[in-house]
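Okay, structure first, notes after.
The letters A, B, C and D name the chains in turn, as written, and every chain counts its residues from 1.
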């Protein structure tokens, strides 16, 4: 009997009963996820948020293992071992393409972690050969599930929807690591609330409030953790550092830079091997290098990140073009290049998405209803936005000097 | 009223009521601790163990804040604000000199984190100038406490003894992050059990079993977590990588190496600035560089670490000289340089230390007793050792081939 | 230094630093609360829900102690020791008038626990003389606070409002005991969010989402725990037992009954001494007595409770008069007296109450806003109702027999 | 598919997949356990300790369900459904014979809960007929397991040994309810450490430290919770109340007493029906009755219990006959009947029991070792005793009056 057990702070134990999954865990591509934090720069706000995509991927796998075990017992689904393996492998590998400080990195460098996930599964030697041992269509089917092609609708829904094993693990894990209760929900009950009809996944109507709790936990995690202004300010700083490097390289300036990073930043199509060499240690090391750069802007921005002198967030309405110009002028006047030191971010708080992707409840009588139809609470969860400005603290200040006064008068005017 | 609050997974909140402490937190030297894991390579065994010395230092501070608050209320000690500040600053800064993968790094490079802590406190500009604002003897007094010079016996005992705020925080934090219950103990009760007489710290005799629980939790953390064979195997690998680099440099070979690391590895007396540039991102980046080294040994060892193909631990008695030679010969015969691929480690499980550093209980009648005198359990906690050998998995194998057979016959012979 | 510590599963420790409070804890009237469960018959649904009003009262006191400690430090409020003591005593004693299976008991017997709380504080010898030691107006001021006379608006709000120490403790305690996560919220942060201006309590606007979490936790506790259909069915059973006894006594029938209970049930104005002799052991013992009553209805109902053969809940619209009559006729036909075996309950899920009793947020600029004005989520929390019918399981059945069929056709018709 | 789920604070959920077990849960005899606390009078010390034998029995069942599931998967044991059912039923029903305030009640009244468990299983109509539906030998086999006749050695060991599902549940449950961490251990790992050879249960040698942790948790629960002096003082009070009632009845005095209790106290062989009517509500009600007794001693003792004016514990060596006589004389002189007010208790702290009942570890090589042979820690766990005296607080006092002085001089003399 094959059995490997990993100790886990969220699920107590993560259990491997199929050698295939264990082999995947031990590939170089998967082990790389140990060097990428799950929550990007959130550790600048919540010092406990050091947990990795490696831990989360294991947790998503474990959650899938429990969901599948429940559904096999209760619904005899999936009714073949190959689909069980597809579900488990998809849960384990769904994040394998993530890069360092993912979303920011992707935004600046036009990289898409999903595409990299597909490429890595298909092209990384160790991963691919392991998957090929099942059968030669297995890797492609796995990618098909992650792409949501519609060929395995049940598994696809469990991997990526508003109620999937990805979110189920990360909310609990992020809550535990940061130390907040906002992301807590009734995991075991929620797992038992799943049911399958004709290959589609539903939630039993009797678990209405359990799903409400889960979706509200997600809302609270967004407003209290994921979009915390200090975290977003850290993201902006990373974005500006990478932008400055890219701008310098484009301008033909010489910049000390780790080769793997240069290959990606240069915008040429990097190889899977080069991409897999990228992780947060590489990026942090680059920040170290750049904190001694001859370019004053790059040097300053990188030092700010390492020493955690972050941009200050100001929550306010979108500035008018006049206000915006005034801010840039003021920043420039005191030596802050406005392209790198004056920023705006629109933070999206996701709502409950009803357009064809809702959570469908099913009654004992088989009647299907979208969750939002019977939950007033859930109907309030519509997407919303918050505008924020980010500036160096020195620019805002709190003193009576003319500069602070001028910036504050711009920022806090009634726009 | 000054108040800063950080959310913490162990203590719920970490509270700053004195701007001095908050200024220290925001120095570059302290923020560097975000890039050094509390448990070194333990994350290779327990994937949750990504928590940092930054988080632990905050937790040690918070524990000290509570201990001092209790002792002031109950014993009117310390009876002046300066000593309170010394206690809090010492707790916050006690680990500021730690380097990456501390103990291994120190072993290979003859670096002592304690000495670096003293130097950084005295020499780092931002830290020193902040401390100097209290008074000009403050920084030196802080170092005196960390050195245990005996001038502040009460504070020294709370900072470093068998029952100190350092251990009180790290046991709970390590337990939470790894997901084990072994390190749990009754923190609040233990804090209330402290009492002070004539400037010396005692534990109330009525809390005997609470201290027993704490010391046994420490024992269990050692045997189940800190000295886990897989973790020690990871340490050995880091040691061998650093040793190889040092050997190559000494031999005048060219090795790609981050400058800050080279300065330390070269064995010259590095500056505080250089030392503070070292962290685990630098070391991990170096492993990346070396995983593509022209030196085959360095390349192989570094790749093993990044991909987590660790040395396999074998728990057994110390090999005889003959066995040892046979192992080295066998390894060499198949291409493993024995200096780097065949290792031995003696792991020390600390006991309860009675020699002048015991935990002294005090009865309601003022009678003082060493804990070990009245606790049979504690008397069993004597230092012990475990011998282990570490070899590449390929060398041990489990197959019927002659090599595996030969190594196994050496390893598992009755020595 | 006076210090008494009680170990508590919710707050870790409950700390007494004022001998006055400790004396109150040790009165007979307060100790009686050990024999009254916090959640009435909920233990029939959640077997962990055995925690008592004694534990909850201690927890409400501890929460108040922390709130007051925070407010004194931050707002210098209350600015005198007498008001601190009023706040702490009010939190400790707010439930001292509760009877067994409170709400049901009160409904049948026209008893109001609030009035009994006031009477007990004023009339119980030990309690009163303890309070009188503070000063002779202290007991009356305490009652004034519990009555919400408006003389101590800040303390009154902390004792009884939508955000008070009562709810703050019971939600966490009920969640822990039942084993659900629904009632979890960020207690420490919420406590720090309180502020006082001109003697009125506000919540800082920056803690908007923390209050939202708290109110949603309350919502989830209502729909998932407090109004659980099985619990309500248990309440209905207790109600019917007490009703039957009262009816028998009014009809002049002889019923074995504990004297203290008879004194209350008889409807004469019972003495404080008699009332304080009532607790859940008395009521459960009465059920034992009645389970052997000569009255068949009383005997049957009481046995059902002891053996947990509860009424089955049916969630559906209010029956029409015709349906209602049909149900009663059917029940009667098979020997179930409809007055005792066919019941209806309207369960009220409380909403966020805005009418003059809302939670007022206060901005850094002093601007006051009702929570509902800025939280869409909270605006969905309007009072709602659920109609439920309760019948013996035997009446509903699930078999093909004519009786089950008839009842089911009435219950599940489209009304 | 049959499935019933109960929410549980220790195990999250308790799962029933076999209707047989669910039917047993719903018998009157099993539901009675809702009215008997797991920890007797411990709630007088730890106000959270209100959890019942009902909850514990469910938890022991759930633990057995997990153990059996593990052993079936790993060792194919038990290899038939009948033995699985025996194991589950034995775990569920092992405490069904417990009476109110068990150990004290049993001591005074010469009642043995084990014998009552056997009788109830064999004689209670509903239980027996449910068990008979499996087969006619099933009930007898169940009793055989609980008696440890040796016919089902594996199941017997899991039900009652030093490492059984009974202890595994109660330590975690008692720890949670009281709020202490002392009873925590690694449940899941411990369950996986079980293995079976030739029908005997072993623990894998690799789980040595996990078993050590479990046994030390038990030690700490004994010294910190189960034998807490205040709890033992409460037990002594219950004992004295029951003794006084028995003495009065034997002397032919008239005592108000619930009939079911009288039947047991009278010492005649009570019927199963009478015994099952006994629970803690009956005993507490009796204390209410007796708190108004004409017998001054009974009245006083009962009031003391209800109002929690417990005997004060004095931990000291066994008094000499002279001291003993002096104490009794002094007590009598001030009106305390020494037979009821001066007591001695020897509290036994159990050790690790090696005599034929040890925990046997088994190595990968099949070698069997008793745990104590390889664990020094465990060898310190030898049975020990603590002598305690219990007196009314009034007798000890702390004042300068002659009485207090005299008693104290007796108590605190060097005996």
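The rule we apply is simple: contacts are C-beta pairs under 8 Å (C-beta built on N, C-alpha and C of every residue); 3 or more make two chains touch, one makes a residue touch a chain.
Quick caveat: nothing in here was measured; it's all calculated off a predicted structure.
K.L.:
Counting C-beta pairs in contact, does A-B beat A-D or the other way around?
P.N.:
Higher contact count goes to A-B.
K.L.:
Counting only C-alpha atoms to place each centre, which chain is farthest from chain B?
P.N.:
The chain lying farthest from chain B is C.
K.L.:
Which whole number of Å gives the spacing of the CA centres of chain A and chain D?
P.N.:
51
K.L.:
I'd like to verify one number: the distance from the centre of chain A to the centre of chain B, where each centre is the average of its C-alpha atoms, in whole angstrom.
P.N.:
Chain A and chain B have C-alpha centres separated by 31 Å.
K.L.:
Please set out, as single numbers or ranges, the residues of chain D touching at least two other chains.
P.N.:
Within chain D, the residues that touch at least two other chains are 12, 180.
K.L.:
Across the complex, what residues on chain D touch chain A?
P.N.:
By the definition above, chain D touches chain A via 1, 3, 5, 12-13, 73-74, 188-189, 192.
K.L.:
Would you tell me which residues of chain B are touching chain D in their complex?
P.N.:
These residues of chain B touch chain D: 180-182, 184-186, 209-210, 212-213, 216, 219-220, 223-224, 376-377, 379-380.
K.L.:
In the complex of these two chains, what residues of chain D are touching chain C?
P.N.:
For this pair, the touching residues of chain D are 6-10, 12, 26-28, 31-32, 34-35, 43, 46-48, 50-52, 54-55, 58, 176-180, 258, 260, 277, 279-282, 284-285, 288, 306-308.
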